[in-house]
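Which chain is which? They are A, B and C, in the order written, and residues in each are numbered from 1.
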Amino acid sequence: MAGLELLSDQGYRVDGRRAGELRKIQARMGVFAQADGSAYIEQGNTKALAVVYGPHEIRGSRARALPDRALVNCQYSSATFSTGERKRRPHGDRKSCEMGLQLRQTFEAAILTQLHPRSQIDIYVQVLQADGGTYSACVNAATLAVLDAGIPMRDFVCACSAGFVDGTALADLSHVEEAAGGPQLALALLPASGQIALLEMDARLHEDHLERVLETASRAARDVHTLLDRVVRQHVCEASLLLGD
Amino acid sequence: METDTHIRADARAEAGPRSLGCSLRHFACEQNLLSRPDGSASFLQGDTSVLAGVYGPAEVKVSKEIFNKATLEVLLRPKIGLPGVAEKSRERLIRNTCEAVVLGALHPRTSITVVLQVVSDAGSLLACCLNAACMALVDAGVPMRALFCGVTCALDSDGNLVLDPTLKQEKEARAVLTFALDSVEQKLLMSTTKGLYSNAELQQCLAAAQAASQHVFRFYRESLQRRYSKS
Amino acid sequence: MKETPLSNCERRFLLRAIEEKKRLDGRQTYDYRSIRISFGTDYGCCIVELGKTRVLGQVSCELVSPKLNRATEGILFFNLELSQMAAPAFEPSRQSDLLVKLNRLLERCLRNSKCIDTESLCVVAGEKVWQIRVDLHLLNHDGNIIDAASIAAIVALCHFRRPDVSVQGNEVTLYTPEERDPVPLSIHHMPICASFAFFQQGTYLLVDPNEREERVMDGLLVIAMNKHREICTIQSSGGIMLLKDQVLRCTKIAGVKVAEITELIQKALENDRKVRKEGGKCGFAESIANQRITAFKMEKAPIDTSDVGEKAEEIIAEAEPPSEVVCNPVLRTPGTAQVGEGIENSWGDLGDSEKEDEDGDSDEAAVLDGLKMDTGIEISNHGNQDAPIVLSDSEEEEMIILDPDKYMKKVRTQTISTKQAAVPSKRPTKKRKKKRAVD
């Protein structure tokens, strides 16, 4: 990407943010009535919707039931209109399968699955608009939806991406920054313990810089946590007001 | 009949030069080289190489279960891309050959699976697959009434007979014939042919394949002797 | 076939051993199993053995039109197959979660890290680019598939040579290996995956887990690096909780291991290049250790085929003469004809006819088998090519041959073969039918 300056000399990024700054996050819980839990999140221009059903009886073959914990089933899909180029996304292509797998893994680690043996929890996530950081938006939306469903978790799972440009680590990459081909890292964090539920990285980054990028990503994830926490508290307040307590 | 004698005279005249180009490429075989399958073998004929793994007798899917004998399955994996129609047809040929010799009645309601992986194809691929399958079955200890081997013959445009042809020879050939023969009576277990050839040529190829099969079986015997010898 | 479940005692035993810093194969915590790389005779073909895990890699190329949004870049395609040979639980042609995960990891490790210069694969911008396809087959599964597969992929890519091309105006000329030496791909760096298995909620860590260890582990962290200590991919999987320090420690170990493996790969490639240059023997036959008792080799064996002519002749002479029964065709309606009664189609049951053959016990069985097969399978060939010329009964022979010199021999041999075949099959009648149709 010749000519495009991702980080100006003054330390501003293409969309005017500072290196460690997040995009604007807006979230709502309980957007659907019929689901057990649901949430909608906007991170900048990335928009995602998550729906949770469960814990319920195992659907399909009973052989899949786990004797000691709940089965977490995640499905990821993205709307045809979610990206600039409109193309048909066949259901079950490698990328969305992988995303589903990663989400499942993240939530298997975070949900206290041993409290619901022989049952199943379904998490469906759809990306309505993709502008970078789809994985993090999906995780954050799903966390809110799982909380909305009242499923016990170890902690919030907060995800954020990070990149590395000209010796500076950037938090929460937008699509333009991702497309430039630099390294990108996505991290799902349990903020209270600082444990990493999922870590993935692409493209080349020198080993020595890894620590800084990791640090930036986890700080950003903690920031996300503060925001999500506020959303949850507000939602609970509203709900209790409606109940008339 | 007049036509008959003509052909025969022809054949005899050509018998001399025909025998010249006939030889088998160098053979190599390694057994028991994979740890997971019950039996495995890698068979090389010149640059053609096939790896075979055998699982069985083992649990069988209920839908595939046969009540009085073992279910024999053969899978052939091409080197590039996904298996297609050509592989399916070869799988069937190999499966029919194996079914004729494997004593499946001794293991009813089980499955015997032969998986073949093409490692490199430089002619006589089907024959090499058959040989690899046989060695892997032997390694797995599957009971068989006889061993079997595959021999490929090619007839070039001048009517010369080439045994164990290379890829180039196969391409130039007028007809390519592959036979599977058993070790006890040298009887034909399977044959598949491509191209044009006469009845006399077919018989010649078969006779040549029988002669070649002796060498292959001797190779089998020596390699097994080496493996199970005490020294 | 289902995977044999791991018993609780085995599981406990393995975990106890890991707690005591012992591994079943006698390795230390950070040891890799031995790596062996062997090359095939063709370019871009290799087998990588990591302990008992074995992966076959093959690279192939093809000229295709590029993707619309990347007009000047070649296409890289990776496909890892979990063959049933590797483990009985792998089912053919099923996209399991494991397969998706491994394939995506490979793609990310090798394509997204831009280890291959895709722009150099462009022949005519927007028109023709090379598509490089990497096929990997798992032959034996003994744990740590991803490391073995990533090594196999990069070795195969380094070993591969594509045909040379030249462009003049709009014309693309492709040169065969005889005309111009094939060209290697331009490879910037060699990313290699290193796997770390975590046990007991991340308390214990092992490098290069084998199959048994993989079955008791909590989670896996895969780090792809190159020898310049650049990280190309990180992926954690399984429900483990990592701490930042653990990740950093793993990258340090990965750096060391990757440097060792890269050196090994380069040595193997160099070795192969030298052997090829000197015109020595290469290929898998050479990589079979001769001293193993399970291996055996035989040199080129000449086969005495001087008597095949006589043998064939004998057999033909011994075979029964064809029956002289000639049926009159019945014309039911114009355009249809039937010979004999209740003609069956012999096309559908090829498999059955083969099975029947195997049971024959007379001396001529082999011969007849051959003939049957011949008529059974190859009818289409003869039918298509010779139908107008060949006739089953000899009195009509002269009428049909138009160019006696050219066809004489063919016709004669055909006549013989049909005569021989008359007993076991219905071929003559078939021919007749066809002829009728032609008329």
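By our rule, a residue touches a chain if its C-beta (ideal position, glycine included) is under 8 Å from a C-beta of that chain, and two chains touch if they have at least 3 such contacts.
For each chain, UniProt lists the protein as follows: A = Exosome complex component RRP41; B = Exosome complex component RRP46; C = Exosome complex component RRP45.
Computed from a predicted model, the values in this text were never measured in an experiment.
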item: Pair joined by more contacting C-beta pairs (A-C or B-C); value: B-C
item: Label of the chain whose CA centroid is most distant from the centroid of chain C; value: A
item: Length of the line joining the C-alpha centres of chain A and chain B, rounded to whole Å; value: 56
item: Between chain C and chain A, distance of the C-alpha-averaged centres to the nearest whole Å; value: 40
item: Intercentroid distance (Cα basis), chain C paired with chain B, Å; value: 17
item: Chain A: positions in contact with at least two other chains; value: none
item: Complex interface listing, chain C residues touching chain B; value: 1-2, 40-42, 45, 47, 52, 54, 56, 58, 60, 81, 83-88, 92-93, 133, 135, 137, 139-142, 283-285, 288, 292-313, 315-316, 351, 354-355, 357-358, 360, 365-367, 369-371, 373-374, 377-378, 381, 385, 412-417, 420
item: For the chain A and chain C complex, residues of the former touching the latter; value: 85, 92, 94-95, 97-98, 101, 105, 108-109, 181, 183, 185, 190, 193-208, 210-211, 214-215, 218
item: Residues on chain C engaged by chain A in the complex (per definition of touch); value: 69, 95, 97, 100-101, 103-104, 107-108, 112-114, 189, 221, 225-226, 228-244, 247-248, 251-252, 255
item: Chain B residues within the chain C interface of the complex; value: 3-4, 6-8, 11-12, 14-16, 18-19, 22-37, 40, 42, 44, 47, 49, 51, 53, 55, 58-59, 75, 77, 79-82, 92, 96, 99-100, 111, 113, 115, 117, 119-120, 122, 161, 163, 186-193, 195-196, 198-208, 211-212, 215, 219, 222-223, 226-227, 229
